[in-house]
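Okay, got some structures for you below.
The following pair of complexes shares a single chain, chain A, combined with chain B in the former and chain C in the latter.
Right, the complex of A and B next:
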């Protein structure tokens, strides 16, 4: 339908008939005849997505007062344009405009009167910070751009619009700093976005999957955030952000593995504390996907690694368990994943039940029943907690998933299995690229400047050269 | 042009590449071999071997310098023409495959002896093959990136061995020249086998950044690093064990680990070997990369990607073939002698021919 072109008719009725037919006589299409200087005219709008009060005030009332003025001067609205293409008008209708047709005129007016039912700018729930701005993106792209512009009042901030989706067009914007973003990178991002040809795009997940370098990798290759300050920091560093109308998430490219370990809080804390927290996160990362594998390998292959005392303690709790360690671990991990998924779907009022059933009933009963050992419960619980240390939900899921192949490798080849499993993962990480940039930078390829803000965070004056170094002032 | 630039590796990466290729399975048994020939002078033997290696590096460098932008295989084609050149390439590919399988086999044997006694050999070999194949198919930059990462593992390895120094007795190593100078030089012969890997500069030299001099310096520094590392390891072992003990232990480095205990780890060797295995993976990958790269030159394909599986299967087969320890030893000696020919002999001949051609070519022009 949208592919056909149809210039507007000079007769009002013909126009309104055409539009009605094009919208399949939908009931929320409202018509209202308003004559102008004796000629017949008509206002058309979809009442569901326009602000009727706005139409009343800025379009209809002026007619009754200023019949002597010219039409363009009459409308007190906002933005309006003259169109001749009826399908453009229909698209305008769908985006919240109202149309005004005048008998005998080959053009018609498209007046922007969208309804604004916006969520307030609130802090994103899964990206809260202790200190720092407490605003977040919402579903309106214009507002999101406003939030970014508010942070970066610089002429270098450039926004480029694209329209994606063949049957349901959606606006996408590419935001970057003209002076810091690598033009090569911008070109790649642009090309990949323009290559997307889908009938409709609902969320940034679509863009993410259609633009990433390696769709078979389990690692996220685009950073997503709902925080304007986070986005602005990346933009100022020369990253490119992709915003989609109707989605409160900004996608930022190119991602690196370590960007998923940063939180906005890192830069609001003392740098020593941040470095310590990052170190804790690193431990969390290592335990989150290695601890069960290490435990399995130790217990079933290399118990002689442990000092004798520790060995007896573990052996004591293992003797009653009828399963090999792998089955035991899989069982518990599976139960944990079940509980996690169930907790996610349950309404919060029932959520407590999960805690009781999961923690008390299953946790305690499963040991008493002799199905699982206490040490395994400790291992799995530690793993679970560690996996929540990872700030990014996507990375956390990837790491949680990686545990399972590692556990199998550990049960087949012991420590060698783990070592080789890790090697495979790291080879994959070295191989992976995000929009042409190595994913595992700055560790490999090694960039000493980048390392200052990876495992630890150096003082800001040492990371950012342009800001004044307090030492040189003396 | 952009693609060309993307493939280049930095000087630092070249340095680590050579180190990772050089350090292999040989070092684990080196101290005990040296104990037989040179006794306390083992460290000196390693130094001599390092010097010999340095000469070989100079030789290869002279050859590569004569043909800027060309790697070994291109040089073969240029010097030998299509037929002899292709033959040369084939034998070189054979050499790389042979060395690759030899390292893989020795690595698997060590792992099976120390950690995976009941696991069948084909399974461990298969594990190595899959892993190395996954990396060897990639671009050189990816290899270099991974090697950079793997080089971080030298830190724990170094610390592990350092810990052995706490129980070392210097007098175990003295007198240094107990067996005489001749035996020390003979010991160097055993050591050179553990030094192999630098010949991969024949492949990656044109793909790295920097001037000829800088590259030579980088490779030499890598060799120096490896030599000093070996000296350190060998001396530590020679100080830790006395000569009589050493005769009974085929792999003193691991044995050294075994006797150490940290507060929650009772046997450090079991932690040491999996980390060591990753360095071995790097060596194997380098040879596999070289061989598949050769195949891609031979068949005039742009990427070596699709040749790597064939190389890997061949490597796997060769490593699987020797069943007895005699067979394993045979493979070992074969690769040792092959190396003399392919690192020393052939490049020397090629260098002489190239000088000859050059003089002849520059005469009339």
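Right, the complex of A and C next:
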């Protein structure tokens, strides 16, 4: 926004000229002269973001009928304010208001008449649950706040607005529970958000990258979700949520490694079942980034650990492959990443083609062509499936990326290389912090209470008061 | 809070990553693909005194889902390693002994002494020892391996399976290169190894080869082997005896009874005592619990009959145990570790003894008690 200030002129034409010039004579700026009690007046609005019917009904028709009343009484059906600062008026125009100027008046009216084209609050596609609320955040921050307030009808729920972006201002809100959120944490989040000084911010990805503790880490340090219930659970636990107008994603801090392995479904299922599912996810976590490395290390350094029959089977499938295992694995992993990315971008009607190309042509023909072995295909397929087990897309990508350095370590030093690689990863995880909170809690630092809801889920009555609450962790 | 990594650090990291990628030929890497697996190895001493090494190589199939094939190769050398090197000159690729299942030693090797011929296995840690069986072949080991197949199985597979199943039947004690090494180094204890032979197309079990120090010194037949294994305190899943007993029944069928003492609770008492004059006495008591597995005929076993059966079997087995001990002593094979006990508890006595001579003078008092606890599900 420009820093110039300009108080409104008393002449309508001067005002309209100024605004037209400020908006560089854009074509969707509409003017309409409406006189009031013999004085010349003018309505200005941007037709692209205002509801023209609303203006017709609540601004123009009242003028024709109630020429005898006072001016403010005309607009009782609309939210309005009186302004003298023209640049404020222009900002109002850009946000969907219409302006009314009256000849000889030093102030002007800003009437709120925004167009509303809202997506329905349907369930987010990549965060579906079997049981539980099926609504989701949309691009309107107000609606998102409404969804949260619907879940938590408590005076403790506090919303604080910030405006980010120098040329294109955007509203950001900080949501937290006054009674459970750690004031220190709120202060840190607030300070980091206020420190952001960009010209414009389009998505929560910007906020995420600008507020992270360690931007060089491959692990996500903010939880993101499009689910109001997920957000509310975290809020009640003392976490802080950041919402951005125009983005259906809520960012929740401080994240922990294990929070990315949680889904709202975990608390809707019976606790034994959930514990089993969590255990499966844990296996998925291990296989997702270690299986190719283990395979490479085994076939190139430690074939003696294989049982005899498996030894011959794998050896048989390897005989025709001309590459060392690392190259073989890299080749297949890269093909898989290609297919995944292509499947993501492809329109769904062509999507089947990817299935055929990926599954049949590459899966089978690549072995027949002697480029990779069947065992490697099994390994990579298992890895791929396990990486999709992780509920959070960001964590899944991080884990998928991690296997490449591990594969290299395995091909250089075998099992020793893997253990060194894992050591480095775990050192990093233990050292990492998210908004001042340890990232690898409750494992490091070890909190037995927090462990009840980490690898397994204890019954709710046993964990209710003791989840990995940022306040109690402090 | 946010750590600013310098550009130089990133560049260095990238450089290390890229250069490590190019390190393709690493020193201790051995690709599974390039290995030629020696599954079974046999050693003999040739007529000119050289070591003859025979190896069964497993060749992976060229086409997937086909079974593996095998090749037998022989070479000669002054010691094991030189024979192996000779072998490497002859066969394709790199022979590796990673999955070595057994080492078959010809009788000539066993008579000449084991230690010198097993030395390489203990010296080089890349040779597996923990699950490698040591087997003695009657005649030449090479003859046995050169059969190539026994029935449908490759000879190596056949021998391993055979040894494993006979260990389960308590015919062989569980001895691997590891345990053999321990006994070779122990002056107070000897060992016995599986003893097999070729008969026509078949490979049959001769029993146990007894060793004195590191030299072959005698053998036991399979029946005696089972008793020896039990006396040693080991036990497989099965341990069967078929004995002739007389219960006074009129029909002749009911003379033979088969009992199984495997997987049942046994009590073994092994006591070494030294008398004032320095003579050593050994009491070896064995209490076995047995299941009657076969006892054909009309008459069922009654409670009072069982007493008789117990007594008869105990007598028979005690007598057999005495003969087993006699054989073992004759072979000068201190398989029960009497010497070890002396070293541990009667060290002064041990120091005065010349064990290789004095072992034969040890008085053994073996005693076996059998108690039948189950006669099966028919009355």
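Here is the rule we use: the second predicted complex is superposed on the first by the 462 of 474 C-alpha atoms of A that agree within 3 Å, B and C clash if a C-alpha of one lies under 4 Å from a C-alpha of the other, contacts with A are read in each partner's own complex, and residues count from 1 in each chain.
To be clear about the criterion, contacts are C-beta pairs under 8 Å (C-beta built on N, C-alpha and C of every residue); 3 or more make two chains touch, one makes a residue touch a chain.
Since this is a predicted model, take the numbers as computed values, not measurements.
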{"item": "Which of chain B and chain C A:425 touches, first, second, both or neither", "value": "neither"}
{"item": "Partner chain in contact with A:213 - chain B first, chain C second, else both or neither", "value": "second"}
{"item": "Which of chain B and chain C A:415 touches, first, second, both or neither", "value": "first"}
{"item": "Which of chain B and chain C A:438 touches, first, second, both or neither", "value": "first"}
{"item": "First, second, both or neither for A:300, with chain B first and chain C second", "value": "second"}
{"item": "First, second, both or neither for A:315, with chain B first and chain C second", "value": "second"}
{"item": "Contacts of A:374 with chain B and chain C, given as first, second, both or neither", "value": "second"}
{"item": "Which of chain B and chain C A:446 touches, first, second, both or neither", "value": "first"}
{"item": "Intersection of the chain A residues that touch chain B with those that touch chain C", "value": "301, 304, 306, 308, 413-414"}
{"item": "Footprint of chain B on chain A - complex, ascending", "value": "301-302, 304-308, 310, 413-420, 423-424, 426-428, 430-431, 438, 440, 443-446"}
{"item": "Sites on chain C touched by chain A in the complex", "value": "1-3, 5, 17, 20-21, 23-24, 26, 28-33, 35, 37, 39, 58, 60-62, 64-66, 68, 98-99, 101, 128"}
{"item": "Chain C-facing residues of chain A, complex", "value": "212-216, 298-301, 303-304, 306, 308, 311-312, 314-321, 324-326, 374, 405, 408, 411-414, 433, 436"}
{"item": "Complex contacts: residues of chain B adjacent to chain A", "value": "10, 12-13, 111, 115-116, 119, 123-124, 127, 131, 134-135, 138, 141-142, 144-146, 148-149, 261, 263-267, 270-271, 273-275, 277-278, 281"}
